[in-house]
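The block underneath contains the structure these notes are about, expressed in structure tokens.
Letters A, B, C and D name the chains as they come in the text, with residue numbers starting at 1 for each one.
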């Protein structure tokens, strides 16, 4: 079996994912806009490419894990895009957080080109990616899911199948990111109420995240909010805002009045508008946002 | 040791709590506005009283678990209130969800009367109370906490101490109820987005509540929202709204701008204003509210 | 001078506008998807055309007053679009409520075709259009504004120049529609508070709209809200929602955290999601929305 | 006729109101916490009193124009309150912005004391008070309204009668202040959208406030928001927040889900929580609030 894969996108998530693929024995033809990012990977197991097209040459699978819809579309259809070289029957495993509409469009484009497309967005922070603890949501053609299984298992702790409609997994991903944002707003308000009433943020956070809310999101994100410490920047507020925009667009398109989606969108937009989109983590948009409004 | 306790309030939570005390060997002098509620309890272990004052006679501990601030205050200070008969040094264990301000006032009233007061609100639905799985939050004088320990342990799975300021535990309780409401709004919006985009509410709920949000609130409340089934009415929307009002008042008093507290308050107020305060569970305020707005 | 104009779009606003142009001595080459709409106009003064292209033949000015961005773009660039026949130097006066982005794109398209484009959206309900009381906001090239002046004056009571950036007038129009929505929400909440506190909605509305808020929006829209009477349907909720989406998109694109824009968007989206987008006026989205939530 | 009146409260509004009463020939027995405030008034026409009780001695009318419910109640029922000296049949004209509940309580207290009470809150900024342009809303007993007429006319441009329920005028006043806050939020968001899209705030404000929104609130308040100049501090953010709290409490008590009331309350609470309650005008809470969130 051919264990060569094209891997495009060496960001905070992509890099640990690539490492896990290498650990599983795959050889990666990597492409990243900033080439130096590839230096972190074991050099014997990779071939650094100068264009997406070059990375996609001669492989059965192309993985993309990129920042937004426009970038993914450009990587596929651009002058040096993967469609230029992907062989018939090869599969594009699209792991970025993008809109279901873009996913559907990419499917159509691939079909026309004789290639395949699978939506496979993931849940997990960089440390979860490193620990092979990502959750992978997939949707699309059964065939595609089956053929991608080993590769996806090499990066995550579980694959969840959301059906044959290609955009389905993207909807789940945007919905989940909204739920995380809502949890961040919830904790930021709750712990600030506690603080301003003379309680210890940390004790209150510990209580809730070990009882009623004893789950990864409230525990892992909650510790930053409890401590009012938003370093390091693992997921930029700017990227969080992008997801909030996609979630909001989804509610508009599918006609779901969702005031909480609006609220978390406004919170992230504020962080970005204040010029902190690049310099702060999305958790800070909520934690700092509520604290500043409360004057503490 | 005197194992006689006054127990006031046989509602959905009070009744299973009383049963656990009886199971632990206590004899209860019970008072409830609707006397017939006492019929559920083992008759040999209780003495049914016709006033709070009568219930409080000759005991070291008076437990109240009632619907709101006004009722608790009346039970303490009314013409037939417990202060009329409580013996010097006896302790009032106040387990209702009330405002920290009322708690502080009750403490002052008790101090003047030579009796003691402990704030000990609980987290848990009726089934948790029945299973002795309540979490008990306490705040107040160390002495009072120590003396109440055995009694509280007979009703819950853990006691968490939030310090010496009497209102502290009440703040934690209101904060926690806000967090639950926020989780309900989050799930109601999220699962409706999923539904209107062609996904299965139940599958999406199962995924999130077994991974990122694998915790009691998202699991236990989430199953009602996923199924759009809000029966039976375990906690009336009207009572949920009362808590939302207390939470909102808390943000105003302690000056915490908290748009999500406002949002969940509006959701519950809508349910009440529509005449469904008594006939529906608070979960329905969120689940039905979002579904109706979305036309599904 | 050639007094022949192409006029495209005979909706609730377009029809009275066309009548005023006819009254001012213009001959109109009209196009409307539903041809029968042209029967309302004086037949001697119009030529009914079967395509936009046919309407645009041989004229110096093409007016469009249509429902949304997609329709305007199709009318311009479609297979039977006006670009097919517009003569060099002719001017497209674009009076629909569309996004500034679409306006800029249309300008670029026209420039390439050797034709011109002027953004000229209007404020006013159908009765204002009939009374020649529209306010016309313009932005774009000075030359274009000058040449359109007589035509615009024949339809409105004033032309306001918002500069050379083509999208400027579109921004003003979306901003103004947001302000109207905000006034509707304000009145709906205010008069319902009055009502539920035993006051007369009408008296309260009369007081405010003749003193602090003595202006067209609070007077003309307020009378519907005061009377809880939202007939006839002058501007469909669906179209109001379209404008709310454009306004929301504008805040996202230009990075203005605007919770009130979100709130009014949610109100209109709710009306649409409930299936009342076509059957109710946008005023009803606010008036009925608040009343229903309040149970009155 | 006895033209002596007790006048209590020489704040930003009270002082010009007192001046107008003096101009109309009344002699005022004035009381103010800070005595020096009385120096602004014509000394021959006033008697400076050291307690409310002293001011209320021997007069038929006592006017109060104070900051909040607690202060008004204290002025009436306190150890040196007006009830100590008011003669039977004398009328308390209560012009402060207070809750309808407090108004009803004061009525009951006065009735028991053999004195009368009239709710007569006013609309208008200090400059309107100086120009005798206040709008006076009254509610209560017909007799009381009739006897107060001349006095009220000496301070305002019109008296509007909101019926016999004493709290009615207070509801109207709170509702109106909410409407003003909503207009402030509307303008702040609208003009910031305009600004961030390259338009001139001032031009956009001028357009709207001379056409669709040509009314005092949009004109007088709008000029501050357009210019981003919130000086001088005519009405402190802290007092605006007090009104927003009363309005919010009103929606809770009368069960009107009102998300816009929540939104404006949050805006003012944020200003206060940030420590700007005393140093900034309530207009700034909206104008600065939106600008800061938008990073401009």
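Note that contacts are C-beta pairs under 8 Å (C-beta built on N, C-alpha and C of every residue); 3 or more make two chains touch, one makes a residue touch a chain.
Predicted model only: the values in this text are computed from it and were never measured.
S.K.: Return the chains shared as contacts by chain A and chain D, ordered by label.
M.R.: Per touch definition, common to chain A and chain D: B, C.
S.K.: Could you see whether C-D or B-D has the larger number of C-beta contact pairs?
M.R.: C-D
S.K.: Centre to centre, by mean C-alpha position, how many angstrom separate chain B and chain D?
M.R.: Spacing between the chain centres: roughly 40 Å.
S.K.: Between chain B and chain C, what is the separation of their C-alpha centroids in Å?
M.R.: 52
S.K.: Can you list the residues of chain D that touch 2 or more other chains?
M.R.: Expected reply: 251, 255-259, 263, 270, 273, 293-295.
S.K.: Quick check of your reading of the touch definition: is the inter-chain graph here a line, ring, star, complete or other?
M.R.: Basically all the chains touch each other, so complete.
S.K.: Taking the touch rule as given, give the residues of chain A at its contact with chain B in the complex, in rising order.
M.R.: 100, 123, 135, 137, 158, 160, 162-163, 165, 167-168, 171-172, 174-176, 178-180, 182-183, 185-187, 189-190, 192-194, 196-199, 203-204, 207-208, 211-218, 247, 250-251, 254-261, 263, 290, 293-295
S.K.: Hey, which residues of chain A end up touching chain C in the complex?
M.R.: The touching residues are 245, 248, 251-252, 255-259, 262-263, 265-266, 269-270, 272-273.
S.K.: Using the touch definition up top, name the residues of chain A that touch chain D in the complex.
M.R.: Within the complex, chain A touches chain D at residues 259, 270, 273-275, 292-295.
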